[in-house]
Every structure is written in structure tokens, then in C-alpha cells.
Amino acid sequence: MQIAQVRGTVVSTHKVPSMRGIKLLLVQYIDEEGQLLPKYEVAGDLIGAGVSEWVLISRGSAARIEVGQESKPLDATVVGIIDTVNVERNALYSKKEAERLL
Amino acid sequence: MQIAQVRGTVVSTHKVPSMRGIKLLLVQYIDEEGQLLPKYEVAGDLIGAGVSEWVLISRGSAARIEVGQESKPLDATVVGIIDTVNVERNALYSKKEAERLL
Amino acid sequence: MQIAQVRGTVVSTHKVPSMRGIKLLLVQYIDEEGQLLPKYEVAGDLIGAGVSEWVLISRGSAARIEVGQESKPLDATVVGIIDTVNVERNALYSKKEAERLL
Amino acid sequence: MQIAQVRGTVVSTHKVPSMRGIKLLLVQYIDEEGQLLPKYEVAGDLIGAGVSEWVLISRGSAARIEVGQESKPLDATVVGIIDTVNVERNALYSKKEAERLL
Amino acid sequence: MQIAQVRGTVVSTHKVPSMRGIKLLLVQYIDEEGQLLPKYEVAGDLIGAGVSEWVLISRGSAARIEVGQESKPLDATVVGIIDTVNVERNALYSKKEAERLL
């Protein structure tokens, strides 16, 4: 999985039937030092992730594993909202700390 | 999924039988700031996307999820025409606005 | 799918049993402006594509969708010989024109 | 598979149900000369790999092959802890040697 | 498929059960001009490829197509030892010639 930050939303009304009822987020990938990369994904969201939160993105057929997603044409899905990322015991990211700074 | 702009069409008459009846679009990927990338896809189109429209592209096995596409050798499909892309509440793209400017 | 030009052939006699009977082409990818990229694929060929022709390449599990290819370890297949590529109504490539110039 | 070094951990409490019970490691990819690359993966861990160990990462649907992982939305899994990497009979990496130097 | 040269071996004793009995080779990718790329794969080997040989690598689910490999977590497999690569009728590689020069 990759780490990404929720940046916004994508809306499409004219789409293939299998795309109906999917909430689409624009998420931007984050590198191993916590910086935004010039790389994004439009990912399906089942868990209500909000703008600026860090999330875990599963890609490929993994994006359709969750029950109810099998017949949706998803190649990327938000599978979790990240609480903490620790690298060698140092916190690279803490959701609590990030929210405190807002 | 990735955001792309429809740029043109690809025609192939001599092809494997499973490719019959697929309309092929040349779509060029768009980055997270709304600029064209030097990267494209030849994608199957089921929804009649037109030149210059922004579309959502599903890749990999996701490209064959829609009913009727399962036995086509597609690794990229147009799954929706994009109405709006919003990044932190600002509009990166609006189909209405784009059409007004044509 | 990606656009590629047939450049040559690859021969392998000592191989896994599932690879038997596959004709292998070396195809080089072409960018959205019609130039060769420093990127290639060794692709299975079912349709008899010839050197210098432009072809469509399907990758991933899409490469094994065609009837009879399901149990071959292919991750890239030539699925069509390209007649024309049009970008905003201009011809980026025309097979007829390319042959006339040879 | 790719070679990676375990760098840390990722914790997510609010996630899709299929993600429950997965231990997530942040692993950073290593190049063919043994150097860390600016590229990482958040990978599921079944074997208890520890920080600084070199591991093998399987990606894509391969990440869900192990019994019990089929219905988890994993696109990357630690499938082995590496003992040795030899390139043309020279040791690029030896776990024993690495531990001796700690 | 991609062309790669066998460079060495990888050994892992502590691994997931599905990884048992797989011989792992470190193979380095080769570009369309026959030069080594700074890109490698740890690939399963069923055919006994030796150091310095050029091989064909299948990736993704194609790596598990060969009978007996379906339940192994492989995302890359050596599917053939290459005899010749010809580009526009010139030999880019010949196994016989390579062995004569050793």
C-alpha cells in the first residue's frame, strides 16, 4: 500500500453503471520522508476520509477485495485512515499532532 | 483511477477476435495541477467521451469489470466523464466552465 | 493499451512448458507524439505483425484474455495492428502512408 | 519480488473491515547495489520482520496468495526475511554480517 | 515480458509457507540496446538459469501460470532462457556468441 493525503474530490455523473454509488477522492502520494509527491490517485472511499488526512491506498485487484466492491471498476481504494507512521521509532506522522496544529 | 483528457482515436482492423467492437480512444494523462503529462493510454470507451473532455481511466483488471467487458483484452477503460475536480475547495476543473470557454 | 512499433524477435528454446508455441516479438513503445521511447516489451503475437508496423499492446492479465492464451504466462500481447492514430483530427500515424514511404 | 529494508510501522484504526488484524510495516526498497531507494511500500507482515532487516516483498495479487490472506486488500506483503544476496559470487548482503556490525 | 540477465541468488529461510521450495534468482533488466538497467527483480526459477545468461521474465499474475506455481506468492518468474534477440535482422544478443566470448 502507499501513503497518500486527501486533497479533494472528483465528481462524474455520466459514467459506466458499475461506477454508480462510489465516492471518489483525489489523494496525493506522500514519500518516505513525509513530503507530497507529484503523483496522485482518484480512489474510491468507503470510510469517509476527510481533506488533509493521511490514508492508506490499495491498488490493483486489492482495491476490489472489500465486500461489496467486487463488481466496481476500482483500481485504487482508501483502505484506512492513518493514525501514526513511525520510522526507526521516530514519528514521521501522527494524526493527533497534525490535528492539534490545524 | 487517473484523470486524462481525450485527445483522439485509434483504429485497428486486423486484431485478435476478442478486440472486436471496442471503440478506442487516445487519452493523455493529466497531473494533480491540471496539466497534460507526456503519458497516454489507448483506452476502451463505452460512454461516448468526446475530444477535449476530461475522463476517469481504470487500469488493470478493473478495466474489464463492467458487464460485457469481461472477455475483452482491455487493460484501460474510460469509466466516467468528469464534471468537476476540486482540490481543497478550489475548482481544478469544471466541465461546464471548460465548455463555456470553447 | 500502449502503442508500440515491432522492432524484432526473441527466441527461447529452453523454457517453461506453458511458454511453448508462443511467437515472441520485441516491440518498442511509442509516445503520444509518435516518437520511439527507450522502453520495450517482449510480447506474444497471435496476428502476425511485421517489423516496423505499429501495434497495440495489452499488458497484465489482459494479455491472456484471448481464447487459447489463458494458460500461457504472458504479461504482454499484441492485440491489434494499428491502421491510424488521430490526435485532434490530425493523423499522427497512418499505416497506408507509412507503407507508401518505405 | 523486490528487496526492501524494514524501516518502521504504520498504524490505522479507522479502516475497512477486511483490513483488520494486519500488521503493517513501512519498508524501503533497496537497489541492485544494496543502497536504499527513495521508494517505499506499506506491506502486510505475517512473519514478524524487525526494523533494519532485509525482506522480500511480493506485490499485486501475489500479496494475497498465502493461506488466510485471500480476502485482505493487500497489494504488498513481506514473504520472507533475507539471509543472503549474492551477486556473481560476492555477498551483497548477509544477515549474519549485518547483525554482527550492529 | 522483459529481458534480464541473471546476476546472482537470494536466500531466505524464514518465510511464509507458500514460499517454500522456490529457487530465487537476482536478475537485472536489460534495455532495448542490450545494456544493463539499474533495475532488478528477484524472480522464481523453474528452469535452472545460470549466472550471466539472458532470460525472459514474466511479471504479475503471469508469474504463477505455470502448473504447480498457482499457490506461490510469485510476482516475477523466469519463463525462458533466451537464445537470440534480433532487432531489424541484426543480432542484439546470441547465447552461442556470448558463451564463445567467455
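Chains: A, B, C, D and E, in written order; residue numbering restarts at 1 for each.
We take it that a residue touches a chain if its C-beta (ideal position, glycine included) is under 8 Å from a C-beta of that chain, and two chains touch if they have at least 3 such contacts.
In this text the structure is predicted, and so the values were computed from the model without any measurement.
Steps from chain C to chain D, taking the shortest chain of touch contacts, total 2. The geometric centre of chain A is 21 Å away from that of chain D, both derived from CA atoms.
Between chain A and chain C, the centres computed from C-alpha atoms are 34 Å apart. Multi-chain contact residues of chain D (touching two or more other chains) are listed as 60-61, 63. The ring of touching chains, read from chain B in the direction of chain C, comes out as B, C, E, D, A. For chain C in complex with chain E, the residues that touch the partner chain are 7-19, 24, 26, 28, 38-43, 51, 60-61, 63-64, 71-76.
Those residues of chain B lying in contact with chain A across their complex are 1-3, 31-32, 46-47, 56, 58-63, 65-67, 77, 79-89, 92.
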